[in-house]
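Each in structure tokens, the structures are laid out below.
Shared between the two complexes below is subunit A, which pairs with subunit B and subunit C, respectively.
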Partner chain A sequence: MSGFKNRLARLYASSRWSQLAITATTILMTFIVVSALFILIGRDPLKAMYSFFQGSGLGLKPSYTKQGGILSDFFSFLGILAPMLLASLGVVIGLKGGLFNIGVSGQMLFSGFMATILVGYADFSPAVSILLILIVGLVCGGLIGAFIGWLKYRFNIHEVVSSIMINYIVSYATGYFIKTKYVDPIIRSSRAVKPNARLAISNVKLAGQTIEIPIGIVIALLAAFLIKFFFDRMVPGFEIKMVGHNRECAEYAGVRINRVMIRSLMFSGMLAGLAGVTYYLGYYRTMTPKDLASLGFDSIAVALLGNLNALGCIFSSFLITIFQKGAVYMGSATGVVREIASVITGILLLFSSLGDFIKAKAESYSQQMTFERESREEAER
Partner chain B sequence: MEKKPIVELKNISKQFPGVLANDNISLSIQEGEVFAILGENGAGKSTLMNILFGLYRPDEGEIMIRGEKVELVSPRDASALGIGMVHQHFKLVQNYTIAQNIILGKEPKKRLLFMNFVDTKKAEQEIADISRQYGLEVDPRQVISDINVSIRQRVEILKMLYRKADILILDEPTALLTPQEIDHLIRTIRELKNHGKTVILITHKLREIKSVADRCAVLRRGRLVDIFDVASTDTKEMATKMVGREVDFSIDKSEMIPGEVLLSVEHMSVETHDKAMVVKDVNFEVRGGEIFAIAGVSGNGQVELVSALYGLMPMKEGKITFNGVDITHLSIRERTEQGLSYIPEDRQETGMIGDMALFENLAIKSYYHAPFSKHGLLQFDAFEKHADELIESYDIRSGSGGLTLMRSMSGGNQQKAIVAREITLGSRLLIFVQPTRGLDVAAIDHIHRQILAEREKGHAILLVSLELDEIMQLADTIAVIYGGEILHVEKAEHLTQEEVGRYMMGVQE
Partner chain C sequence: MIDKIIMDGLAFAFPLFIMAVGGIYSEKSGITMLALEGIQGFGAFTGAVIFTLLQPILSEGAHGLVYIAILMSMIGGMLCAWLHAVLSIRFRVNQVVSGVVVNILAMSLTTFLTGLLNEHLTGEPSNKIWLGAAPRFSIPGLSKIPVLGAFFRDIYLFVPFIVLFTAVAGVVLYKTAFGLRLRACGDNPESLDAAGGNVSRTRYVALTVTGLLTGLGGLFFAFSFSANFSPMIYMGYGYLAIAAMIFGNWDIGRTLAACLFFGFARSTGYQMILKLGMSSDLSDLFLMIPYVLTLLLLTFFSRHNRPPRALGVPYDHESR
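This part shows the complex of A and B:
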């Protein structure tokens, strides 16, 4: 028993395997707790779990509509995965610099709104539209991010406070304009953007199914690798990490910490902006007034679960999106309310926040073991 | 009159990783006396008192209070035995009033509708009574964040008295006070003694001991060196006992070859955030090949002076010329590029990034230029090569070489790394702030040799240290700072340790 415990501790403490082992443990524990939850409300946990995958196009449903199929489900899954990944990357950039951008939703809403009214109703060719939409997304998100950073630098306003307030300002301001100027009276949302101004290629026929290919997922994956490279190899990325780890030391080392903090929040906002345009002009095509996307908040969980690592976010956004996206089908298949998806996300986050604790425990345990072994050997000698 | 011992410590030992903080210490304190514990930084004074207050548990030894053996597991136990302690850093709730802070955890209650409420009126009344009795006037309704340091200290003392403590431990109570406030504190201590309280005073300031203490114990490097009657010992003797002679590392120090003036500071004044003048109109010059040491008791403005010099703190007035260039308005990075190195006082918070690897930490001041980066891309080969060289030539020991997490290294090796980094910048002026604080003898020796080697190269050294030993060993010129002013500057060979000590206490000829 102690041998097993010992080996387990060493696994969690080892520099190479620790991250993988802890993530696996997190997921395993979540599945156990969630299964218990399903059993408690009298459902078959395996069936319920599988229905999340079926709803995300990762497992065959028993029946499909005429034009639907596993492929159309999967591409739709990718369509919502893209903004989730982009938003979580935005959170990562902020947190790497020690700054908590909790205003991703607001930045998404603002850039989505601007892209909708500036490009969405215009008659550019699809290629030009896509380019313009991305630029609007980057600029609008980046502007709000930089503004939050500037408020922090100039007036010492905490970024959490200012970004939450900006969330509401954006939500009410865009809500007003949507209702008064861009409303579609039937659906009570903004008028749908024109088909040539969408970040998706619609009506593609593949294996007899009608699918919609999201352009956002390509951008999101590209962004993940770019950010990985930015933090691993580039000078500004190194500066953001320095400021994030120890602001005082960064200042001492000659880094202009204010500039770096503004920059870090600007980049964070740019990613949120991209998430916004892929969400509102990719996955959807309309905007509901005064509605902050909950995806913006879920992305914080994704970033933390991905251990603030850009590539880790690909994995964690995939996982959490399965629950979010698959919840609708799970609801109809098992009769459990779909809000259970948020519960699962919460449990996942709870366990993932235990990661550092497990690691620290394991480290001190294996250190103690080494110490005891050494002193035993000492005594024998 | 024969007095009975109220506190007896028997054979107390306490080991911290790498340091024997208390080594078999036995002492006995009489009821109603003011007992001072004297020693340099790191001598083990605070550790010993934290043991008596139940914050640490001794590895060996026992504690007797009023003749009975006790086990102190937490400060709560100590409190129950009538032991109170004012820590060097006050432990007050910033946004509570004075009264709320004093009664916190021991609130007078009144019952109303079957519920307990804090009886604020009664609390304020009791506090007013105690303040009057001991001459410690406070306004119980003021909020802590609105009052100054000396009133806060008064609140801490009242907190102990409110809890009916009769053994009062004061840890470095004068470190942050002005001379007038110190006088007031000393009167308070006398008043406490008149009321039959036992006061234990931890300090390294001789003047205070002389003016208020009955007996004094001297600790040096964790050991009890001597206990003496204050009345029959003069300050000179005390200083000798405190500093000790046996730890005299003789280092080969060649004759100083004075170079040109590298640094000149004119009329420098520095203010803190709350507008307190901590450096007042300071002027000095440092030459190449010279070790210019600033001696002074902690908190006399020396750290603020060098912080402003390096650009970490804004300067209120003055001009800094370095190597012929006016650097008064340059940024930290520009100053570094001009040839300024800085080894900060707080190595873990300021000098290094604990969560980054050693090889990264060795390049945090040079990562942005060649060979460490090219076209905005970091060149990790250069990082690692640089780290390997420094590890080799400065004998930095770490678990897995350059990849070791900085946080996991020992204090001595962290400091070696910081010193190595700063020296390899090739700067012509190196500012060392408390470079050997908390280090073991071997690491101290290593750092001292590095400092002397830099001097040999003709570089200028500005050394700030609280250790008189260190200053006497290394300095070519000694400037004594007191109350933010440079009181005295002289060639080191014309000064004795006792003379410097006297200037440090603010004594002028």
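This part shows the complex of A and C:
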């Protein structure tokens, strides 16, 4: 038993495998707890789990509609994966600098709204619209992010409090304008954007299925690699990491903390803005008034599960999106309330937050073991 | 109209205040508290569940039922706060992250369980638990005074509890040895440790108090604003309470002033909409007011604020 414990500790502490081992443990623990939950409410856990995958186009459903199929499900899954990944990257940039951007959903709402009214109802060619939408998303999200950073530096307002306040302000303000100016009276949300102004290629026929190819996923993957490069190889990225690790030390080393903090929140907001436009003009085409996307909060879980690593986020956003996207089908297939998807996200987040503790415990344990072994060998000599 | 402003304002300020006092207990002991939102929702949920479950049995003495619901909401809040405590004290999780974990778990779990419960009780998966009108009372004599009488008229049954609990909390925090230890825990845990105190235990106790107080605040919101429990309770009141606490510079008296200000700003906005007979669309813009005001006021007050020095830092016994 102690041999097993020893090996486990070394696995968690090893520089090469620790991340993988901790992530695997997190997922395993979540799986156990969620299975127990499903059994408790009298459902078959494996069947329920598989239905999440079926709903995400990663497993064949027993039956499909005429135009649908596994491919159309999968591309729809990619369509919601894109904003999830972008939003989580935004959270990552903030957290790397020690700043917690909890206002992702507000920034998404604002940029989505601005892109809808500025570009969505205008008559541009598809290429021009897409470019303009992306620019609007970057600028609007970046502006709010920078504003939160400025409030923090200038007035010492905690970024969590200010971004939550801005969430509600944006939600009420855009809700008012959507309801009074841009409403579609039948569906009670904003009028759908023009087909040209969407970050998706609709009505593509593939293997007899009508699919919609999301453009956002390309942007999101590109962004993930760019951010990886930004933090690994570029000075501004390194400065953000410095400030996040130790503010005093960074200041002593000559980093202008205020500027870095504002910059980090601005970049964070820009990615949230991109997430907003891919969400509201890519996955959807209308906006419901006063509705802050829960995706903005789920992205925090994604970022933490991905261990604040841009490439790790690709994996973790994939995982969490399976639950969020597959929840609808899971609900109809097993009759369990759809909100269980958020419960799963919460449990996943709970276990992933324990990762650092497991690692630290394993490190100190294996250090102690090494020390004991050495002293034993010394005594034998 | 002024009567209405005062009554509605107080009905909003009191629950906000008890939650903010909960936040003060936690943060004064050195634990960053962003989980108020989740704790109040969970407290409201447990209170509402026991209320619906016991209603058929105890249909007569309605007040007794409310007392039980109050007790349960406090216990529910306490359990939820303990999760935050265990994560941030025992497992040394980043306290901001831990707060978010608690919020997400509480929100999703209560929504999920509400659906499950309704399915079992009524057969349809509604996301609301009905509570009915909240019990109120008026103080005879005092409530007859013109204008000022509004402070004593149609008081929610929760208010005396809130006054009592927050008063006790204030005395304990500022006038007892335990309160001194708790505040030391947030400012300089090393000194508390050196003096023979137990930092972890003090923080656990502080978070227990946070949970008890905040849970009651949540039940009050569920009763007074919607007469039901639904996911609508997660409207950001917990964060507003945090803003009030920061605004009040982690001081119970000043926080009370901040909460009263929020309450009256909100009720005045509402009454103005009614008075001017504006369309309901415009009410969105008025509902924005408390949040804009918070942000604006924080720009004035945050700069001179002095948060507890050891706030957010897990205590390491060995680094002393």
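Simple rule for what comes next: the second predicted complex is superposed on the first by the 381 of 381 C-alpha atoms of A that agree within 3 Å, B and C clash if a C-alpha of one lies under 4 Å from a C-alpha of the other, contacts with A are read in each partner's own complex, and residues count from 1 in each chain.
Definition applied: a residue touches a chain if its C-beta (ideal position, glycine included) is under 8 Å from a C-beta of that chain, and two chains touch if they have at least 3 such contacts.
No experiment lies behind these values; they were computed from the predicted model shown.
Asker: Is this a clash or a fit when subunit B and subunit C both end up on subunit A?
Answerer: By the criteria stated at the top, subunit C and subunit B clash after superposition.
Asker: Pick one for A:H245: touches subunit B only (first), subunit C only (second), both, or neither.
Answerer: Touch partner of A:H245: subunit B, not subunit C.
Asker: Taking the superposition as given, does A:K47 touch the first partner, subunit B, the second, subunit C, both, or neither?
Answerer: In the superposition, A:K47 contacts neither subunit B nor subunit C.
Asker: In the superposed arrangement, which partner chain does A:I102 touch: subunit B (first), subunit C (second), both, or neither?
Answerer: In the superposition, A:I102 touches subunit C alone.
Asker: So, A:A253: does it touch subunit B (first), subunit C (second), both, or neither?
Answerer: After superposition on chain A, A:A253 lies in contact with subunit B alone.
Asker: Determine, for the superposed model, which of the two partners subunit B and subunit C contacts more residues of subunit A.
Answerer: More residues of subunit A are touched by C.
Asker: For A:K181, is the partner it touches subunit B (first), subunit C (second), both, or none of the two (neither)?
Answerer: So A:K181 meets neither subunit B nor subunit C here.
Asker: Is A:K5 touching the first partner subunit B, the second partner subunit C, both, or neither of them?
Answerer: It touches nothing on subunit B or subunit C.
Asker: Which partner does A:I169 reach: the first (subunit B), the second (subunit C), both, or neither?
Answerer: Second partner only, subunit C.
Asker: For subunit C, which of the listed stretches 43-51, 79-87, 151-159 or 169-177 runs into subunit B?
Answerer: 169-177
Asker: Across the two complexes, find the residues of subunit A that touch subunit B and also touch subunit C.
Answerer: Subunit A residues touching both partners: none found.
Asker: Can you name the residues of subunit A that touch subunit C in the complex?
Answerer: 41, 100, 102, 151, 154-158, 160-162, 164-169, 172-173, 175-176, 179-180, 290, 297, 300-301, 304, 337, 339-340, 342-343, 345-347, 349-350, 353-354, 356-357, 360
Asker: Can you name the residues of subunit C that touch subunit A in the complex?
Answerer: Going by the criterion above, the answer is residues 34, 87, 91-94, 96-98, 100-101, 104-105, 107-109, 111-112, 115-116, 119, 125, 236, 239, 242-243, 246, 281-282, 284-285, 287-288, 291-292, 294-295, 298-299, 302-303, 305.
Asker: Sort out for me which residues of subunit A touch subunit B in the complex.
Answerer: Those residues of subunit A that touch subunit B are 233-236, 238-239, 241-242, 245-246, 248-256.
Asker: Using the touch definition from the top, list the residues of subunit B that touch subunit A in their complex.
Answerer: Interface residues on subunit B, with respect to subunit A: 312, 331-333, 336, 342, 344, 349-356, 364-365, 367-368, 373, 376-378.
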